[in-house]
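Multiple structures are listed underneath, in structure tokens.
Shared between the two complexes below is chain A, which has chain B as its partner in the first and chain C in the second.
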Partner chain A sequence: MTSRFIPKRPLFGQEARLGLYLTAPVILIMGVLVILPLILTVVESFYRVEQMKQGIPFIGFKNYANLMLDKDVLKSWNNTFIYVVIAVAIETLGGLGAALVLNKVKIGRRWLLAVVVLPWCLPPVVNAIIWLWIYNPSYGLLNALLRSVGLISESHVWFNDRFTGLLLVAVVHAWRMLPLTAIILLAALQSIPANLYEAARLDGASAWRQFWLITLPLISGGLAISLSQSTVFAFNLFDEAWILNGSSIGTRSLMVQVYMSAFQNMKFSLGMALSIMAMIASLIVSAIYVLRVYKETRFD
Partner chain B sequence: MRRLGFYAALGILILWSIGPVYWALVTSVTPPNALVSDILRLWPEQMTFEHYAKLFGATSTSQGNEVQSVWPQFSQAFFNSLLTAFAATVLTVLIAAFGGWAFVRLRFPGRDLIFVVIVGTLGVPAYTVMIPLYRIMISAGLVDTYTGVVLIYVSAFLPLALWLMRSVYQAMPLSLEEAAWLDGASKLYTLVRIVLPLAGPGLVATAILTFLSAWGQFMVPLVFSPTLDTKPLTVLIPEFVTRNYVDYGLMNAAGIVAIVPPVLLVIFLNRFLVQGLMAGASK
Partner chain C sequence: MAQVSLNNIIKSYGSSQVMHGVTFDVADGEFVALVGPSGCGKSTLLRMVAGLEDISGGTISIANRIVNDVEPKERDLAMVFQNYALYPHMTVRQNMGFSLKLRNAPKTEIETRVAEAAGILGLKDYLDRLPKQLSGGQRQRVAMGRAIVRQPAVFLFDEPLSNLDAALRVQMRAEIRALHDRLQSTSIFVTHDQVEAMTMADRIIVLRSGRLEQAGAPLELYDRPANAFVAGFIGSPAMNLLRGQAVDGMIKLTPKLSVPLPAAADGPVIWGIRPEHLSLVPAGSEGALRVRVTAVESTGHATFVMGDMDGIMITALFTDRPPLSKGDQIYLKASPEKQHLFDTTTEVRIN
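== the complex of A and B ==
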């Protein structure tokens, strides 16, 4: 009887409604274009989804089992692991060196930073084309430079050797991604209080000891972030391998393999299963770094 | 001695960073016959713009023969790159500017969970979602349309943009907004008139990062932009290779043209760019 006179309360308060309105585009776009496809990828990796075949029968782990036995797939795993090791090593050591230099520079640091971040800003495809010409077997800069300093006597066809090919692709990737590591580590370096170094100098610690005892432990957080970033990006290496050496098995990365399975051979579900395995692997590896760096450098 | 080591390191860093770009520039102005000579020159004896003329000219010659001009393709792809990158940037920044603020300042059900899930998708590689996305886009009729490509870009760059904008708003004092609310201003009015102007540098940083990512995209348009209707430069330029004769002068000239927008951003807005990278990477 009385309930009729109670005004109907809206489901959410005014603030909550505004919040939902403002984030609705985010939820809609991410939901339809990322979350839904992600779920579909997981589900359909257990089915056989192929352009050329009728029907989508449930096949359980068969896609995954096929991937474990496929020679090309195994080789592309192998290639990707080599890419990760080389790229992460170059990016971390080079990025640390660059950050130390940037931190020392007093005059014109802004412009030096601009120069250093430049490779990261360029389209990866253009980077790869620039390096493709440098690596050119007949007229490339790399051969010319090595010949002029006498390191090699005749020109090399670099991509004839599998490991050299992997190294050269990884160098191009590292050239692009190194600035990110440098910037992350520079931010970490700038947060170290200067009086720590003064105290160490008063105690007579050498520059080398200062680096090991002060700098490295205090930038370990930044190192963990940059290591996991480098790893995830190197796992997803595609553009450089594709432009420099196409689908050649010697330098084929996992993502190239996924692209070929899905969009060239039209075996969608096989590609999906492989992309899930790659994602899980890259997340596990980067999680290991974060945990290890965190454990080893924590002071109690 | 230590100073010498420092300057050597500085020199190597500069050479490593811009050396390859410089070499592409040199190649793009070197005559074809000098490109295939054995002598290493750091600047061509005779500078030429013929590779650029091939890109921009109405007619084109290759090895003495008249061939079809690449200008119609090149200009269309340049326009496609600009349009998709620009539209993706505007949309992403707009959505992140309002959404990011809501995630920081407003209380609504599921707020933290939604934010974590969305930022968590940064760890999902593009290919894990691209295969089903391809079929979704086909059934929606959005393959090879500006709308389709731009929407995918927005979904790819929104998580980082939200993350950046959230950290910008978190660093702002709440007292400013509270003062406006006490004066009777609505929350939305406060956001538009007081908060957004103060967030200018953060918005610019987010816009630059988004634009650069969209401009450089290759995997997404390779699948979703099969024809010149929407094909960007990054997909067109490598196609110059697949012809029987690889014209490195032309490719380097095209590459130099394609890096003009990013280089301009780095020269004129590097402060915002570095700020954005630092904010995006740390925390």
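== the complex of A and C ==
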């Protein structure tokens, strides 16, 4: 217990040096590909970097001020918040449902898991194109299905209505991201010892109360992780909105707006400022989940 | 308070039968230990009583009500699990009050009953802690507390002491027994440790491979085991069980070695003698067995002597610390009235 039994070591002992060597590649990659661009983006968002104009003068918060006033930007913020709410709701409820089913199924779980994971494995563009066909006004599956069950009498052009458009884009995004939530929650469910449920059955808990009082609190860590990742990804929604409805303002997401500002209108620094704001917003929302939902639990 | 009866209990998984018609009763207020080696079915049996495992055949009744198809929560019993199964996200207080809360008991009643149980178990200072902040022994007490606040008719214990260290196990053994004496509730205690069974139970039920081998008071099983399995299982160090041929009033253990037959028998038999029923005698005494000492182990209060007699291993136990060491030649004599004789094929007791 006393210090004379512990050999004196240099500041970076053998173990520490090994640790440094092992983390060096990750530090390097993260530094060059994430941290450095992030710093550059923050710095340049205070300048006027525009292809069409001479020089890159420092303009302080002018980019940010312009963004606050731009109607299209405000609309795309609004659209993105709607995407986040719909997508996170579908992914969390659907993912939890899928995880509970997968956790219960004994026979053929591997196959079912493979089926559930499939949409997540598809490239986002491929996924969106498949849904583009489904939503097609003249030969799409959605119109055909709804007509055949008699819910609609004639084919709809779905993206004519703003809210329907937002919903359909969010559904495509959720369809792709739901498997990740399902897998995170399945892992959390499987870490709950089975005899807690046996104890609960003896204590007199119905299936519903077992879920509410034992399962839910014990997967809160997994829920926080899945909620924050689905929020961050929904904030960054781009492919689905772009492919399904292009730059149309009714379904334009923040990321589409960033792309429009930076690469269509050639106002690079404006796009940078907007992406910084989007990052801060998604960080704030996920920080709320992590702080409120996540509780450290140890099962032993 | 209730009587538990198991009648011809059968359990099969698919085509393989693991429980072959076990029948026994646990009287109201009795403390019964189910013992047996790993895989004998003792835990399965307990889980069947709890309602956590389906019954393939036979009936289980609690307080004269057949409960085969009754939900666990309707059986009015509490169970203490081997790894305690405490809810990790609930404090000690919430863990203990959980079952009452589910029954919508009034808050004040939950408070008083939890406080009462915490008082009995010495948990008063830990009520607001989470299970992970407790030591193994304290978690064990919380698991007990969760059971006793319910005031159930029957307590079930599934190897509750096996995760504790040796000293704590001895202490909890006494505490559980004291608790039983205080609450007077029917208890079934599963263990693989025959010392636990011997020290705690009013009655022991020995199981092997899904069959009941013997049921009886601890000392009854120790003094008159019904068969060679129980004889070897109960008691530590284990009884010496030596195979031989009964001929002309003698048991021939080897061509050169014989002992007097303690009861009338003929043909192949198993001769049993507990280590403490062997005594050191001078060379040349009548009926003495010549043994070469191969190992001596002392625990302080007893000395175990392992020896070789004409190729057969035998263990003796002395409490007076004889000055023996490896390689010594000694003579042992078995007390005539403490010998056991079993049939070789059926393993059933003969004398």
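Points worth noting:
By our rule, the second predicted complex is superposed on the first by the 261 of 300 C-alpha atoms of A that agree within 3 Å, B and C clash if a C-alpha of one lies under 4 Å from a C-alpha of the other, contacts with A are read in each partner's own complex, and residues count from 1 in each chain.
The working rule: contacts are C-beta pairs under 8 Å (C-beta built on N, C-alpha and C of every residue); 3 or more make two chains touch, one makes a residue touch a chain.
Note that this is a predicted model, so its numbers are computed, not measured.
Using the contact criterion defined above for the overlaid structures, shared-chain residue A:S253 touches neither chain B nor chain C, since it reaches no partner. In the overlay built on the shared chain, the residue A:N79 is in contact with neither chain B nor chain C.
More residues of chain A lie in contact with B than with the other chain of the pair chain B and chain C. By the touch criterion defined above, A:I214 reaches chain C but does not reach chain B. Contacts of A:L196 after superposition: chain C is touched, whereas chain B is not reached. Touch criterion met: A:L145 reaches chain B, while chain C stays clear of it. When both complexes are overlaid on chain A, the residue A:T92 reaches neither chain B nor chain C. Against chain C, the residues of chain A that register as touching in their complex are 193, 195-196, 198-205, 209, 213-214, 217-218, 295, 297-300. The touching residues of chain A, counted against chain B in their complex, run 12, 15-20, 22-23, 25-27, 29-30, 32-38, 40-41, 44, 94, 97-98, 100-101, 104-105, 110-119, 121-127, 129-134, 136, 138-139, 141, 144-145, 148, 175, 179-180, 183-184, 186-188, 207, 222, 225-226, 229, 232, 235-236, 238-239, 242-243, 255, 258-259, 262-263, 268, 271-272, 275-276, 278-279, 282-283. Chain C makes touch with chain A in their complex at residues 50-52, 71-73, 77-79, 81, 83, 85, 87-89, 98-99, 102-103, 132, 146, 150. Interface residues of chain B, counted against chain A in their complex, comprise 2, 6, 9-10, 13-14, 16-18, 20-21, 23-24, 27, 35-38, 40, 95-96, 98-99, 101-103, 106-109, 111, 114, 117-118, 121, 123-136, 151-152, 154-155, 158-159, 162, 187-188, 212, 215-219, 222-223, 233-235, 237-238, 241, 248, 251-252, 255, 258-259, 262-263, 265-267, 270-271, 273-274, 277-278, 281-282.
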